[in-house]
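See the structures that follow.
Both complexes below contain chain A, partnered by chain B and then by chain C.
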Partner chain A sequence: MLKLLAFLTLSLPFLTHSFSPDHPTDRRVLVLLDDLAIKSSHSLFFKTLQSRGFELDFKLADDPKIGLQRYGQYTYDALILFSPTVDRFGGSIDLAAILDFVDTGHDLIIAADTNASDLIRQISVECGVDFDEDPSAMVIDHMSYAVSDTEGDHTLIASDDFIKSDVILGSKKIEAPVLFKGIGHTINSENSLVLKVLSASPSAYSANPKSKLSSPPLLIGSAISLVSVVQARNNARVLISGSLSMFSDRFFRSEVQKAGSADKHEKSANEQFLTELSKWVFHERGHLKAVNVRHHKIDEADEPAIYRINDDVEYSVEIYEWHGKSWEPYVADDVQVQFYMMSPYVLKTLSTDKKGHYFTAFKVPDVYGVFQFKVEYDRLGYTSVSLSKQIPVRPFRHNEYDRFIPAAYPYYGAAFTMMTGFFIFTVVHLYNK
Partner chain B sequence: MVKPSSSSSSTSQDALALINSLRSAYSATPTTLKIIDLYVGFAVSTAIIQVVYMALVGSFPFNSFLSGILSCIGTAVLAVCLRIQVNKENKEFKDLAPERAFADFVLCNLVLHLVIMNFLG
Partner chain C sequence: MATRNLGALLVLVLAITIREVASVFQPISDSHRSAASELFTPAEGSFGSLEEAYEALRSFEILGIDKPDIRGASGESVLDKLGSSSSAPKDLFYALKVNSILKCEVNKEVFEGIASRLKAVVNGASSLLDIYYSIGSLVLIKNQSSEVDVLLADADGIFRSIKSLSQSDGRWRYSSDNPESSTYAAGLAVEALAGVVSLASSEIDQAMIGKLKRDVSKLFDIIEKYDDGAVYFDEKVDQSPLSTTASVVRGLTAFAAVTSETLKLPGDKILGLAKFFLGIGVPGNTKDFFNQIDSLACLESNKVSVPLILSLPATVLSLTKKDQLKVKVSTVLGSSAPPVTVKLVRAFSSGSKDASIIPSQELKFDKESRYHFLDVLPKNVDVGSYMFVFEVVLHDSEHETIYATGGLTQVGVFVTGVVNIDNAEIAVLESDKSVETQKKLDLAGENAVSLSANHLQKLRLSFQLTTPLGHTFKPHQVFLKLTHETKVEHIFVVGNSGKKFEIILDFLGLVDKFYYLSGSYDLQLTVGDAVMENSFLRAIGRVDLDLPEAPEKATRPPPLAVNPYLKYGPKAEISHIFRVPEKLPPNHLSLAFLGLLLLPLIGFLVGLLRLGVNLKNFPTSAVPATFGFLFHVGLAAVLLLYVLFWLKLDLFTTLKWLGILGVFLLFVGHRILSHLASTSSKLKSA
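Right after this comes the complex of A and B.
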């Protein structure tokens, strides 16, 4: 019995699949719903997640038993909020708990909708996204709406204004427009971590479709973002959408024709767009790791504790990208290393062998002090790589200078000639009487 | 000798006469002082050679250049001081024995070369 217990305790870390630095894809996802009917009406989206190996845990948002952590450990790697109208979460979840969840590096998907609650708006504001303050407002576009049988109020938008990033949206081109019906938001321009993934067209605006426009709408044109993502400094990723229905089976299956365009698509791009985006949000793509950071003098293998000025140094690092199942070599030609003391003294682009190994060689500058090898690599859609390694640099020792400098031989000669001359002069002067 | 007609030849005549008179006056100088003069000339020319060399190759080991040139200048200055003191016609130092002057010269040279050797490397 005791043996069994010990075996279980030891093997427990290996049995649970969860987020770890070596395996950055999320595993356990908590889905909070307004209504359990969403589970079936949005089943296609959930199925794509489950088929990729995620364990979805569906709960009502006001379930009193829900909680993100137990005994100080997070029991989920990611959170999906499909509960736009919830005013208070049940259990121990509140605004602060969700922000802590993101601050500890976990991922979040928020789908708001018209009449989004203040709580959902607050969470979004904390992520750098401001939804239209008018609770009944929707994004309306009289130019690029989706053609349907009934004329409607043009709140069903067909948008194809995607962010140009293969790492966020996948390398396969999205052909059809994405259907969107919901509330628009703007992103805080001072927040450089938020990215507009799907923008509204220049003719869109945000207003209540049921009432006449009495004053100019506040949110207009392509300043409106329909779907945004955030990558926090700790590499936690957040997806914020103003429409819950864009995740629905109906929109996934729907055929789409953009107003003013002749080509009719069999299927909207919602499935492809949201599947690729969820791959990015759940760290199946665009997650970099740097390992084997090494530096040494040329022709030596060991890393020294200190360098001397003018030493020739080799620096190398291996960078891999996570591809959902395995680490693949990351290939780029713009990774740079700095040799840094208050400002970079050396800035060199690393060469690569296309197998993830990046290397370069340079001469330590003629300045001594405490330096750092720094790699600061931030690219759109990729997690940031920030490496720094401190290393002191000393001046020459006294016995490391050249004893005799060839260029100075005439001066040495002159000095010794003067001494000899003095000796001869003394003899001559004394004996010449 | 033909009388010079132009002014330029008269100038060269004058210069020649000046040099001749200088030479005859200098030949009356005691041999001791002549040796000192030779020694000063040697030191100064060595200094000039070093300055030319520095202008050609650059001032890199600047401390070596300074000590090389200062050893020559210092030697020349000390030798000139010795010459002033041992000159019989100089009445200012007539109370000072030439032996004493020479001892001063030797001591100063020793100090000079000690400093030069320290600064040379």
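Right after this comes the complex of A and C.
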């Protein structure tokens, strides 16, 4: 019994999971597959994850023993759903369990495919992504397909319309197109958390390649998203792809030539694209933390409890980015601080020393009340940094106004000469004879 | 091939719409060779274990790649393992396997020692794995050194003891006290039994071998099937389908090699197994890679039936490039097949199943490239997607028992070509269909027509598409897109009537759909098809629409997607505008006025002096004089207090001092004033 207790107390701290700045390296990933053969046919993708230190736990999606949590604690940090056809997960996993998993800040990768099951579609809809409702629809593109001797129906798409974001796709430019074969989706335009990472070309459309079109397809042109990511407000990240085969070794190794282009690339960009994207999804990039938020009057070191209007204050914060193994200083030139009461009174871009330290100085406005120092840093692909620190601002005290106003000297002078005159008058009046 | 699963899935999907899309399986090619060199990389000159070393060496041997130089390190550990008397059968087994490839010098005595030890293990073992490794090792010793006596005296007994683990459905148990039966174990058992047969000093009971044959064919009853013809063995626990199938294939081929009688198994099952291994593509881990390559090598040289794979290097044929239809028949590892004829049995368009467009014919054979080819596609083959049905016929009728060709093979082929676009024109029509403006379009080049129309008019776009053979071509994708200035898009499918593609947009019926948005609309036409080499997406021009005002209940245009790049940019800076301080006169003006203010005091003093003031009334006696003096000092102190109040004191201190001074002043003031009053009254009365 004692042993068990000791084990529990020792192991419990390690069972908490989602990405947290306190222990950012706990990375256990549950991979749910339709078929264990995917483990081998998609091994390059899994290998890139394993080489980065992730522990992958492969399970069949209908395995009755799977579960995301045990005794109320999540046993995994992330979930990869490579099971597009699964109608029901085994064990205790269902739609609600997966949504809870994401709601508690865990990461998710979903690969759907043609004939994706309703369950996978529902999970995607909850993430703000709508797959084409036609189960046999595929993304077809008769202009930017990948030239192939054996695939003639133009459903193997070579897309190079990437999101322009170094944080999501890495700083190295992706030269070759990405191969994609599968189902397209759209993102809800009112959902600001979803981003299209890989879009289809304007000539693409989503339809069943084998049947004649009578009405315009629902998904068409660049509105089709092939791969999207979601960053929830709790910084959980979700990757949704309409193609499972784009993760496969075959696509990773395949050479690619986009139709109408003379460039033949020896290797498709799938490996680079998905590796970089998975780094982002698993918080190896673009996860910021802000520490050492300080503010004080110029030439003072301590943080006061209250400021007076017109005080000159200095504000500083340190921002770091997680780089898979360590926190590195975050370098940017667009971090802004607001001095805020109902609306920003001052909004200033912080200067930086390029080592993660951001600072600025400004004068407190001549309005008193309860203000906040606010840093609302929302950048494409980065976790949002939202800091606020409340601080009251008071007006001048009665003795803090100017005592000697030159313009008032005539009045003072009048009073004092009057007083002098009065003194002399009293003496003269009393003792004159 | 993509994943097995995906392949199956796609086939399932497509099977609903058109049946029989056959997957083309490609034999092992250079992509496997480069992948093998990448996968099997020895760390610091040696592999982690002898098992891994064997898998790498065996794969390299099969693929014909130069072995990496691991001879030294692996050879040493082989000799180590063989020399040690405590090596487990499994270690010995892999050491001998590696040695069979590396061919190290091993003493006869070492072999003899191992052989006698293993024989003891075989006789006493109850676990299938122990027997498997021991028998396997003995077979390897037999192959490596002819002088060592490895023959089993009691082969029949051993055979029976292994056979006793078999189950009624053809599967095997790992040991007598383990009730679970396994297909993987069946493969191991059959391979071990094959070893026993080859090691037997006397003939094995033929009845036993007959029983084993029945077991093997029973195993094929539980085989699983993919829709593309691939078959495999599945194991619910522990082993993946690949390793299970590989184990069965190894056992099967080993057994077929040692029995004198032929093992009768359906050829399409063997071909299905080959398809299964080929369909995996290039596996990403060493174990799977080895299992795939090793099993294919077993199938390549097995005695049951050798599968022949029909593959097409290209299934997309271009009419403009005059591509030839080429077919290659090879064994699974890509080596050339025995002399065969490939017959094109039929070819039909995917849409209609009946009419064959190409008469049944034999393909010509090019000895150099080893391709069977159709010289030129017949004249009546137009662009489109077709199903070609091939049959492989072996020249030598004796070969029919050796090779499995799988009967008819159906392959989907796309024939692509350039489609002509003619008579393209765009027109604005009046409501009575009379033409208001009409413009010709050149859809092969750039267009920039500019039209204008109101809601009572119509827009007509028409063009013709013809295939190289002059038939009407109906592409899959013919979309006309109208984009309003505000990026609201409307898409129409252009239909065809007979030869002509035509769309008439009647704006009167469309005003609601257009959200009553007047203004300039960009026109864009997309025509595309899988077999159309000149698919295009082209801006045609624009049309200025004059639509009526929107009624109140009209639907609003949908919200547009926000550009994420703009949404996340930094905000404009805000700086607080401080209250402007009151305007004050300049200092010197104030000082000048201060100077002026001194003038009345000076005038007062001068006046006093002029009047000749004196202080003769000051009391002369000591006590009143003191009070008088104190009174004036007090007054001066009060006035000084006022100066101090200005300079530094606050109101409370000032009032406190003023109170004290006030009492003092009251007292001394009263004394001096009453004194002065009494003196003046005395003076008056006097």
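Please note the rule applied: the second predicted complex is superposed on the first by the 384 of 433 C-alpha atoms of A that agree within 3 Å, B and C clash if a C-alpha of one lies under 4 Å from a C-alpha of the other, contacts with A are read in each partner's own complex, and residues count from 1 in each chain.
We adopt the following convention: contacts are C-beta pairs under 8 Å (C-beta built on N, C-alpha and C of every residue); 3 or more make two chains touch, one makes a residue touch a chain.
Remember, predicted model here, so these are calculated numbers, not experimental data.
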Dominant contact partner of chain A by residue count, chain C or chain B: C
Touching partner for A:306 - first (chain B), second (chain C), both, neither: neither
Partner chain in contact with A:40 - chain B first, chain C second, else both or neither: second
Touched partner set for A:410, first chain B, second chain C, both or neither: both
Partner chain in contact with A:432 - chain B first, chain C second, else both or neither: both
Partner chain(s) touched by A:370 [first = chain B, second = chain C, both, neither]: neither
Which of chain B and chain C A:331 touches, first, second, both or neither: neither
Partner chain in contact with A:419 - chain B first, chain C second, else both or neither: both
Shared chain A surface residues [contacts with chain B and with chain C]: 403, 405, 407-408, 410, 412-415, 417, 419, 421-422, 425-426, 428, 430, 432
Of all residues in chain B, those that touch chain A in their complex: 31-32, 35-36, 39, 42-43, 46-47, 49-50, 53, 57-58, 60-61, 64-65, 67-69, 71-72, 75, 79, 102, 106, 109, 113, 116-117, 120-121
For the chain C and chain A complex, residues of the former touching the latter: 1-6, 9-10, 12-14, 16-18, 24, 31, 35, 240-242, 280-285, 288, 312-316, 385, 412-414, 416, 474, 476-477, 479, 481, 489, 491-493, 526, 528-532, 535-537, 558-562, 564-565, 567-576, 578-579, 584-585, 587, 590-591, 593-594, 596-598, 600-601, 604-605, 608, 613-618, 628, 632, 635-636, 639, 642-643, 646, 650, 672, 676
In the complex with chain B, residue positions of chain A that touch it: 403, 405, 407-408, 410-415, 417-419, 421-422, 425-426, 428-430, 432
Sites on chain A touched by chain C in the complex: 34-44, 46-47, 84-85, 113-115, 135-136, 140-143, 148-154, 163-164, 181, 187, 189-190, 192, 195-196, 202-203, 205, 207-216, 220-221, 223, 244-245, 248-251, 253, 310, 334, 336, 338-339, 344-349, 362-363, 365-367, 378-380, 399, 403, 405-410, 412-417, 419-428, 430-433
